[in-house]
Amino acid sequence: MPDFNFPIRVYYEDTDSGGVVYHSQYLNFMERTRTEWLRNLGFEQDALREEYKCIFVVKRIEIDFIKPARFNDALIVSTHLKKAMFASFLLTQSIIHQKTNELLCKAEIKIAAVYPDTFKPRRIPELILTGVKA
Amino acid sequence: MPDFNFPIRVYYEDTDSGGVVYHSQYLNFMERTRTEWLRNLGFEQDALREEYKCIFVVKRIEIDFIKPARFNDALIVSTHLKKAMFASFLLTQSIIHQKTNELLCKAEIKIAAVYPDTFKPRRIPELILTGVKA
Amino acid sequence: MPDFNFPIRVYYEDTDSGGVVYHSQYLNFMERTRTEWLRNLGFEQDALREEYKCIFVVKRIEIDFIKPARFNDALIVSTHLKKAMFASFLLTQSIIHQKTNELLCKAEIKIAAVYPDTFKPRRIPELILTGVKA
Amino acid sequence: MPDFNFPIRVYYEDTDSGGVVYHSQYLNFMERTRTEWLRNLGFEQDALREEYKCIFVVKRIEIDFIKPARFNDALIVSTHLKKAMFASFLLTQSIIHQKTNELLCKAEIKIAAVYPDTFKPRRIPELILTGVKA
């Protein structure tokens, strides 16, 4: 399936006194985009939790910070499903600067399905597996 | 009872590209200090939640930002109980710069006790009321 | 001039383990909305800083937290200019739940113009004063 | 040189509505610890910036999230210098739960020295290279 793209604006809260976006904030941008990616496929995570007893947690991240974003920059965050397994997804995500098209950072992120109460691993509900692969 | 003081260091994550601590972050510093104030009185909030079905939420804040803090500054955050009511506390909190002793911001904060599941107001458990007034 | 409204979605990063939006995060939502309010009037704050040596800082906030927002909620944040002075603005801002129209919090916020290097107060550039009153 | 350890307490602001610490927050904990590691070696980063025109930025992170931390947990964050190069450091960092000694997450992090104004790579000042290897 095609990549999913989501626009994010940099506000003061995202920056630090180095004058650029604080490094861990890019992970927040990527998580917002995963939420919108699932929503776009028809999956609301509060409903997934209630109806399927399924929440997603981040298990592993490899991220390269290539060029800094700054206050007021308009960014495009993309999500690409690299591999869907029984109990986890492997995604690649990247952030580009909207105006210049420069790549600011890229990451490979492993997301796992767990039960909300115990955080024990669980199979990804079939409906979601089918949805993300479509 | 005497004021409670708690030291907080400013890290990069707390600052913004204006070069100073991001304004809402001072509220986080104040909340950390309220947590340590309660801990110092013998109250762990995770235990209060489990045993007493009581969590505290912020109902109202009046805060003046007087002078900015910067990266690496050592701060002292103080908490003073102004008034304890049946279901809420009124606290005054302030933040000073440790080295210069300058007042950076001061706030009056109303905290209410609520049930964790419904967020409905509830009486503050007697043990806590007694403890904070001691 | 009419109120300015801006939609904001609640993500995981905005919530805390109480199950609701962390209290200081509403201030971040309000600041994003002030940035968009100025942008909507034609003022980009990075340009204001460069060309006019003017940045805006928060001097005082009075905020009431009325009802909590939760993960995935769609919110509308509004900004209303109550008074424009030589060196500061007084704004009222509120946050409502988009679906239910319930008022979640409301605030009165004083914003001051300062020089970026010294944080000393300065007059608000005429162009901006005219713009926000239009 | 021996590992550097730094204690960090989990506050409400660090958690999300899943009931655990929000994933990117562990990176903030690690960055606080790197700041304290450098301070412990005698290097204040605001002084490094002024005197040496040197700031450190994160270039790459590989992080595994093994077990979640929760509100009120006391954590120990450790920093180990794996390799010091001309213009960058390779560090391994881990977070353990103080009471249970369980490993919560571990990361390999590449930090690069850059000029504060241009963010161009630069050699790490000799004094710092010597200090961190000692």
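Order of writing sets the chain letters: A, B, C and D. Residues in each chain are counted from 1.
One rule holds in what follows: a residue touches a chain if its C-beta (ideal position, glycine included) is under 8 Å from a C-beta of that chain, and two chains touch if they have at least 3 such contacts.
Predicted, not measured: the structure shown is a model, and the values here were computed from it.
K.L.:
Using the stated contact rule, I'd like to know whether B-C or A-C comes out ahead in C-beta pair count.
P.N.:
B-C
K.L.:
What's the chain with its C-alpha centre farthest out from chain B?
P.N.:
With centres defined by C-alpha atoms, farthest from chain B sits A.
K.L.:
Examine where the copies chain C and chain D touch and state whether the two sides share over half of their residue numbers (same) or under half (different).
P.N.:
Counting which numbers both chains contribute, over half are shared, so the two copies meet through the same residues.
K.L.:
Cα centroid separation between chain B and chain C, in whole Å?
P.N.:
Result: the chain centres lie 23 Å from each other.
K.L.:
How many angstrom lie between the CA centroids of chain C and chain D, rounded to a whole number?
P.N.:
33
K.L.:
Averaging only over C-alpha atoms, locate the centres of chain A and chain C and give their separation in whole Å.
P.N.:
27
K.L.:
Among the residues of chain D, which ones contact at least 2 other chains?
P.N.:
Residues 12-13, 18, 20, 24, 28, 31, 70-71 of chain D touch two or more partner chains.
K.L.:
Which residues of chain D touch chain C in their complex?
P.N.:
12-13, 15-20, 22, 24, 70-71
K.L.:
Any idea which chain A residues touch chain C in the complex?
P.N.:
Per the touch definition, chain A meets chain C at residues 9, 11-13, 28, 31-32, 35, 44-46, 70-72.
K.L.:
Can you tell me which positions in chain B touch chain C when the two form their complex?
P.N.:
So the residues of chain B touching chain C come out as 18, 20, 23-25, 27-28, 31, 55, 57-65, 68, 116, 119.
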